[in-house]
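Next, two complexes with subunit A in common: one pairs it with subunit B, the other with subunit C.
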Partner chain A sequence: MLNLILCEFAKIKRQKFILFSILAACLFPIPMTVLAGKDRMDFTGLFNLALFFGDFLLLPCVLSIVTCILFFMERENGSLKNLLPIPVSRTEMAFAKLAVILVISIIYSVAGLGATMIGGVIIGSIYWHQIPAKLGLSVVMGLLAFLSTLPVLIAIIRLNKSAIFSILLAAVYTLVNFSIAYMMGNLPPDHILLSALPEPIVMRWWAGFGVERTPENFEMIRPYLISGAVCLRYFLLLTAICIPFIIWASRPQED
Partner chain B sequence: MNEIIIETNHLTKVYGTQKSVADLSIHVRKGRIYGLLGRNGAGKTTTMRMILNLTTPTAGEVKIFGEDVRKNGKRILPRIGSLIESPGFYPNLTGTENLRIFARLRGVPNRQAVENALGVVGLPYQDKKLFAEYSMGMKQRLAIANAIMHDPEVLILDEPVNGLDPIGIAEVRDFIKRLSTEQGKTVLLSSHILSEISMLADDIGIIDQGVLLEEESLAELDRKNSRYIHLAVSDTAQTARLIEQSLGTTNFHIEDDHTLRLYDLDIATNALVRLLVENGIEVFEVHTQNNTLEDYFKRITGGEGIA
Partner chain C sequence: MLNIVKCEFEKLKRYSILWTGVVGVLVSVVYAVLQIQTGIGKETEGMGFEVFNQVVIWNNFSLVFPSIIMLLGGFLINREYTDNTLKAVLTASVSFRKLLFSKLITTGILTVLFAIFSFLCTFIAAVLVLHFNDITLVLIETSFIQICGNAFSNFLAVAPLIAWFSRKQNGFWAGVGIAFVYGICGTFAAGRYLADFYPITAGFGIIGYGGNEGAEVFHPIIGCAVLALMVVLTIVIVFFAPPYDEAMATPSGRNNKKGRLINERNHH
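Moving on, here comes the complex of A and B:
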């Protein structure tokens, strides 16, 4: 399996994937730094803002492009007829490709932290002692953002359309997710969407520890909060449901 | 009788309403080169794809080393090297990088395998040129290198010399021939060019519109189709004796009581007729058959001009 993953990385040589994702990761921290400078925000505020927008609004779109390239590569260049007689199983290959997407998601998230640190230095507020914890959080959020994107990846892989179409699809999916997570307070805590969609789930977990709050503020959001264990269970279930569908979607539709 | 390595039994593939391969049963024997000959669209590629388990047959089965490929592909496929249709590689990688990926996936232990394979097809090792920048012939050479890299026992090559220049064609032909004669590899190759097949193959299968028209050894096919003098006479036994004694050749074949085929074309027809008539044999018909394999191929596929 490791072999297959290494091969997937070898296949994308010269495609500037990593560079592209790092550049994309810097997209949000830049305006956020300006915003933070104006509003006298501290480093934690800046980090949360950049992570929130970067990982849960932009990253799914970035991952949709990466998915298109990775999953459609063999269909485009006709190398499947050289791979299958090796033999390589289609399922294992789909897993290897997902692993590459996960790694890129985490690289993006960590690069976002890097950009935010530069922003922090610029606005004159950076808490060095928090960096290890924030690094850990960035990795976890990279993972969760990837898992949150899985449902739309099924559609992208199955429909096998252009990159533009795929990004649009991912953008619509993410916007719905993101808006609901963002305006969570406007919905009752037991609203079905807050328990069904992945991004609101992440927010309901993250909101409990990510931000320093006044007691009355905490009381207000309290009914929305979920524990890490619940969040973990949700994502395990989501993954268990999505992976078989992705494998199904990556099979050729006719032969 | 040689052991059969690849065997298809009533193999059929239907696309939509069209039967691309129909009830095809071929037998590829160990250590021999089997040429699948057919015009464009005859079903050669489809057959090979089914043999390699790349497409599911509509009916029938494929046995390689006596085992069903659909069931035991994991065990059988690593022993095969293949090249199907146009070469399919990663355009953003060099030839060497491409082969390294396939070598790694195959688990080829020999570190020199990639370099050797490239050497065999005359491509430079660790060249900077990307596959996207390769010429047609270079792409084809890379595909051949990929097929032989892991030193397989069986090679399945779909139009292996497609796109190669004449020198390249001769090189690849020699190479395939050597694989068979020196290393005892079994080769199944396809072509729409008869001369190509007749230069290489030991056995030939002729396929047209998905149907196998003929399966024979090249020698047998040659015998059927070489040029000969067709003689219709009153007594073939006596004729045979006369030819043997007076003309000193035994290169003929008695078809029946009244017809005989003389394969020795050095004999002048007038002298032959005179000899027979003078010895009291009545001659009804004498003509030279110019059936080349190509005519034969055209005739049995029912078409003109083979591209």
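Moving on, here comes the complex of A and C:
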């Protein structure tokens, strides 16, 4: 499997994926830095804003573009016929490509932190002692963003449509998730969408420790919060459900 | 120019890209319905059609229109590159600049059509889903003008991006990402008395967004000046559009040694 993943990385050398994800990761921190400077926000506030919009809203769209390029590459270059005689199953290839997407997701998230740190230096409010913790959180958020996007990535792979259709599908999925996570406080804590969709789950876990709150505000948000263990169980379950679908999606289709 | 725009609409018949606009508009209205429904019973109790209309406009500019407009405009131009039809158009004595202008005008007309669709969805959702009973003819007229005006001002704000990112094949994808962030940042600009200066929200004062409260906050003259600046910027970018050969050259062809040799050989 490791060889397959290395092969996938070798294939994308010319695609400038890494550069693309790093540039995309800088899109939100730039205006957020201006905003933080104007509102005299501290580094934690800037980091939270950039992370919320960058990882919850933009990253799933970036991952869908990367998925389209990675999975449709063989079809468009006509190199699929060369791969078929090699004793590597389509499922193994699909898992290798998903591993590449996971790495890109984490790179995006860490690059977002890098861009935010530059923003923090510019506004003159950076807490260097918090960087290791924020780096860890960025890596976890990159992983969770990838897992959150997994259902729509599987749909993109299976439907095998054009890039525009795939990105539209991912955008609608992301907007639904983001909207529910964004207006979490307007819904009752036991609302089905808050427990079913991945991004609201991440939000309910992250809101417990990631954001500084007044005691009144914390009391208001407390019924919505979930522990890390619950979040972990949810994503383990989501991954377990997605694995058979990945195998199904990667099976050859009749034209 | 009119004939070229007519031709563009003929071409559009075969493209399924228009569905992205339809889906985008529907997402915006559905999200607004959800926001209104979850808001009722809390601090926003008693909201009616006027507030719903404002929520739709807010969702349109922040989430949907900038990226959809960029996607549509960019796609229309990009098809000429990917289908290799640019050379055929240019031999029909239509310059690249003229073609870009016609594509921009087509995108502007499409934006207004999507805005009308957005207004219809807003009205239907207000009547059939939210059951508002405060809908008057004046409010309907205001809603129509505001939704269409906001969409058109969004188009003017995004037009320089379309013109810039359409200078190279597939360059519009980067533009879509930037337009998306450009739209989202409008929410921060509007919340900090910067709406008049930020191109995406510069139309607020002109369309009378926010009613009487909005009239105190937004300044139509500044908004007009900012949008006029966007129009001038678009014209300048289109005027300095690269010639056909440069626009069609692939990055590898321009940058690497082999590509340069091929270009030089072709030139001689």
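Please note the rule applied: the second predicted complex is superposed on the first by the 254 of 255 C-alpha atoms of A that agree within 3 Å, B and C clash if a C-alpha of one lies under 4 Å from a C-alpha of the other, contacts with A are read in each partner's own complex, and residues count from 1 in each chain.
One rule holds in what follows: contacts are C-beta pairs under 8 Å (C-beta built on N, C-alpha and C of every residue); 3 or more make two chains touch, one makes a residue touch a chain.
Please read all numbers here as calculations on a predicted model, not as lab measurements.
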Partner chain(s) touched by A:C231 [first = subunit B, second = subunit C, both, neither]: neither
Subunit B versus subunit C as contact partner of A:L59, first or second or both or neither: neither
First, second, both or neither for A:K38, with subunit B first and subunit C second: second
Which superposed partner A:A94 touches (first subunit B, second subunit C, both, neither): neither
First (subunit B), second (subunit C), both or neither touched by A:L4: first
First, second, both or neither for A:K81, with subunit B first and subunit C second: first
Partner chain(s) touched by A:L168 [first = subunit B, second = subunit C, both, neither]: second
Residues on subunit C engaged by subunit A in the complex (per definition of touch): 16-17, 19-20, 23, 27, 31, 34-35, 38-39, 42, 63, 67, 71, 75, 173-174, 177-178, 180-181, 184-185, 188, 192
Parts of subunit A lying in touch with subunit B, wherever the complex brings them together: 3-4, 6-7, 10-15, 73-74, 77-88, 255
Sites on subunit B touched by subunit A in the complex: 49, 52-56, 73-74, 77-78, 80, 82, 84-93, 97, 100-102, 104-107, 130, 143, 146
Subunit A residues touching subunit C - in the complex, by the definition given at the top: 23-24, 27-28, 31, 35, 38-39, 53, 57-58, 61-62, 65, 164-165, 168, 171-172, 175, 179, 183, 186-187
